[in-house]
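The first chain written gets the first letter, and so on, giving A, B, C, D, E and F; residue counts start at 1 in each chain.
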Amino acid sequence: RYGQAELEDQIGMATGLAYTTVGGDTLSIEVSLSPGKGKLILTGKLGDVMKESAQAAFSYIRSRAETLQIDENFHEKNDIHIHVPEGAVPKDGPSAGITMATALVSALTGRPVRKEVGMTGEITLRGRVLPIGGLKEKALSAHRAGLTKIIIPKDNEKDLDDIPASVRKDLTFVLVSHLDEVLKAALVGEKK
Amino acid sequence: RYGQAELEDQIGMATGLAYTTVGGDTLSIEVSLSPGKGKLILTGKLGDVMKESAQAAFSYIRSRAETLQIDENFHEKNDIHIHVPEGAVPKDGPSAGITMATALVSALTGRPVRKEVGMTGEITLRGRVLPIGGLKEKALSAHRAGLTKIIIPKDNEKDLDDIPASVRKDLTFVLVSHLDEVLKAALVGEKK
Amino acid sequence: RYGQAELEDQIGMATGLAYTTVGGDTLSIEVSLSPGKGKLILTGKLGDVMKESAQAAFSYIRSRAETLQIDENFHEKNDIHIHVPEGAVPKDGPSAGITMATALVSALTGRPVRKEVGMTGEITLRGRVLPIGGLKEKALSAHRAGLTKIIIPKDNEKDLDDIPASVRKDLTFVLVSHLDEVLKAALVGEKK
Amino acid sequence: RYGQAELEDQIGMATGLAYTTVGGDTLSIEVSLSPGKGKLILTGKLGDVMKESAQAAFSYIRSRAETLQIDENFHEKNDIHIHVPEGAVPKDGPSAGITMATALVSALTGRPVRKEVGMTGEITLRGRVLPIGGLKEKALSAHRAGLTKIIIPKDNEKDLDDIPASVRKDLTFVLVSHLDEVLKAALVGEKK
Amino acid sequence: RYGQAELEDQIGMATGLAYTTVGGDTLSIEVSLSPGKGKLILTGKLGDVMKESAQAAFSYIRSRAETLQIDENFHEKNDIHIHVPEGAVPKDGPSAGITMATALVSALTGRPVRKEVGMTGEITLRGRVLPIGGLKEKALSAHRAGLTKIIIPKDNEKDLDDIPASVRKDLTFVLVSHLDEVLKAALVGEKK
Amino acid sequence: RYGQAELEDQIGMATGLAYTTVGGDTLSIEVSLSPGKGKLILTGKLGDVMKESAQAAFSYIRSRAETLQIDENFHEKNDIHIHVPEGAVPKDGPSAGITMATALVSALTGRPVRKEVGMTGEITLRGRVLPIGGLKEKALSAHRAGLTKIIIPKDNEKDLDDIPASVRKDLTFVLVSHLDEVLKAALVGEKK
């Protein structure tokens, strides 16, 4: 049942939505911490753009550690590994940016990610959320996977009407322009 | 007699099952530790996907060191080398993930791997086991090598009926969805 | 509304003007600091020339830290990340040099960049500003984005008459030959 | 007379047997130690498989330092250089594994390698010796070079009958399945 | 007016002469120092030969620090950046060697480079000056840029008669075979 | 007069003989030391084989530091730069091995290299000298350059009769099989 919505809220894992040549798909972004020296490890056959997107998410979180209630020195005391399963499938593009950021914040704060949430959006170094492509296909795949709450960039609002009404009625869309709004919608309020 | 089941349980070695263009094959995954500074060395003409799979296995184990009864600081005090013999043969893909994880845990805990066990399955950063391809060919090669207990992903249960009955009757299949179940089935309970 | 002039002055972000095969465009250059050891991280699908341009801007600022009222040791205590959003779009060339320098100085001093300012110009290691191409297209894109004050190299003065009068009348051009003049025109005088 | 058996037992040098498109050849594997920090330097136009083979040999020896009577900390105090002369000739493959291991142990213990010995065999991380190709051509080249004692993998026993009787009668073959047997046959018992 | 002789003597900048497929050109070589750990940064779309030439110049200066009245430890306390502006233009070849050396010595001693001087010549690790190509084109470009004193390798004396008399009469040529002579001719005697 | 025999014995420079598609040539190998941490810098458009040859020479010298009367810790206290001038000309092959070794020993001991000496030969990690190609062309170029004493591998003795008698009579050949003999013939006995 890999590829379906989780049965329980998870710490250090968030669900992204991908748009490929063969349609939409869901994407688990996993984060693990181990005692270390601040190395950022990125695996899962990720392209350069996706790796840079992870770095942008990571730098944003490091620069906002205090506000996000993360130990400021986590970087010095841990190695951080971001992995995207189905290791043989190539993945690229910037649209998993907010998903990687959410999984990172979850791992670093211990706050679980709501199991019904999927998301897509490019993140900038200031936490801004930029628009993405393939919203329709992404929404269809989220629906298939049993997700019910979809976080998307505010600049993609105009694309909502491309989604078939039958699917749209089962989904709640959260329109965001900053990562703060993503985290508010995706994370459970308190440590599990 | 290389390629046949071991005559005794081994520490730091587990047997994987590979699926190549010319059929299935068994794969010894060897792990050795030496005093060092935490370098992970990967050899045996491994492709990028297989190397990333090793990193995922390694990070999972590091993040779960305490539960797995591994000295939390093993990473700082040792270099860890994972080698897959027959060094001239190219190997790739994520399906040796749980085998690499098992060989690592065996080397780090001193618990031997049961000599009759072969296994295949992708591992994620949370220890989840994802499905693999070529189950039939892998089962045939395990049978040829004299293995009797085969650990496979639960999501591959539907492929069991592809295996000829004559082979299937000699093999015990252990269906798993998490590395904990793999280790329980593959490792001898106590230090040798 | 990404790609439009900011609603408020920003710290650590400056707006550049790019010239591509499909016309002019605006470019947000973002800078973030995190506790670190002086690593310069460059992301946003930047070509080699643009990366070298960032290094030149960075070295100039390091060599002039005192004059610019920057803590001389910022380099030892921080990692500095320069990111250019729209991570899937390739960017190259030296003409974002003064924009990267301005964003860096803003981030390091806490002085905001005026929201109405766009700029273009190559920077040298001595802070000199060298001429760029595509001024007309860049001015048109700045105009479309709602910017009103455009900083350009003095050596491009001769190209001003290529800009349509209808656009030109809405824009104020600041001609510069050294980064000091750029910073004077672009940065708000005091810490926000 | 390069390419001929040495006139005296050597420390830190062992003779391998190679199989190329133009027939068999002998190969001197040289090892030198210098005060350093544990860097492993590999030269002689070696391909990736041969370099990985050297790493496997090296890791095996590091993990077994005590048993092999090697100072456990040699790795921290020395740089280790493995060179294969005739630097313009490309070399590759895993079959020099046991030769590199033998030269390393010789250099690290000060025990000389018997001058009449040639050898071929892949080494694994557990010191196992795996079969190789081209035994006939290798035996012929060993014979030409004046070697008299040839160490080969036990799994190649079946290929001995391919060697012409006229050559075979001059050679003593030592069949091995583990590096311990290689070292016993190749090294002089005591420090020179 | 970039590309013209400077209006004042500069510290850390020297003017080279380049020979390209479209004729000769002048080249500003800029050097900046920042507190650091001895990293040598080379930018300006430089080819490998030009980068190696910079390293040769740098090593020569380091090995002669005392004689050149440079703090022997400058290397440990500074990062040194050599940049050649017009960052989008590829540059290569060894003939900027003495220019890079001169700019480095200027930056490290604080002695300005005479504004009327241009130069060309390969430098060796012992400070020798080797001949270069394209002297005629280089002299013409120096003339156009308003330079009046041109330093060239002694071994190029035979090429002086290729330069049109009308140009030659405006230029003073300094023939050199060692960097000492270059520095004597190019640097102002005392700290500015 | 670059390419001609030196007018005086040099410290840290030895003359090699190269064999190219356009005939033989002489090659100056320059070595400089600067305070550092043991980095080996190789420049002069050298191919991989020539770089590995330099490493072999360097390791041999490090392992024999005491015998060669070199401070054992030179490696920790210096960076060592080997440069081969005429930086735009590609160079490769192992035959400059003994020349690089000689230049290194000269630089490290302060003993000058005799100005009348040219040499060619591959060096191994044990200081052995292996045969080279193109002896005739190399001898002719040495003769043209005004060298009178040529050091060659003993295994090339058979090629001496290829050299025209008119040239041969002006040259003294020193046949060597180990670097000790090279150093004895090439270095002046005492520190200059």
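Keep this in mind: a residue touches a chain if its C-beta (ideal position, glycine included) is under 8 Å from a C-beta of that chain, and two chains touch if they have at least 3 such contacts.
In this text the structure is predicted, and so the values were computed from the model without any measurement.
S.K.: Averaging only over C-alpha atoms, locate the centres of chain C and chain D and give their separation in whole Å.
M.R.: 60
S.K.: Using mean CA coordinates as chain centres, what's the chain D-chain E distance in Å?
M.R.: Each chain's C-alpha centroid was found; their separation is 52 Å.
S.K.: Hey, how would you classify the chain contact layout here, line, ring, star, complete or other?
M.R.: Shape = ring; chains linked end to end, path closes on itself.
S.K.: Let me make sure I follow the ring: beginning at chain A and going to chain B first, which chains come in turn?
M.R.: Following the ring from chain A in the direction of chain B gives A, B, D, F, E, C.
S.K.: Which residues of chain B touch chain D in their complex?
M.R.: My answer: residues 1-2, 10, 12-13, 28, 30-36, 41, 43-45, 79, 81, 83, 85-88.
S.K.: Considering only the defined contacts, which chain B positions touch chain A in the complex?
M.R.: Contact set of chain B toward chain A: 48-49, 52-53, 55-56, 59-60, 62-63, 65, 72-73, 75-76, 93-94, 97, 122, 124-126, 128, 130-131, 155.
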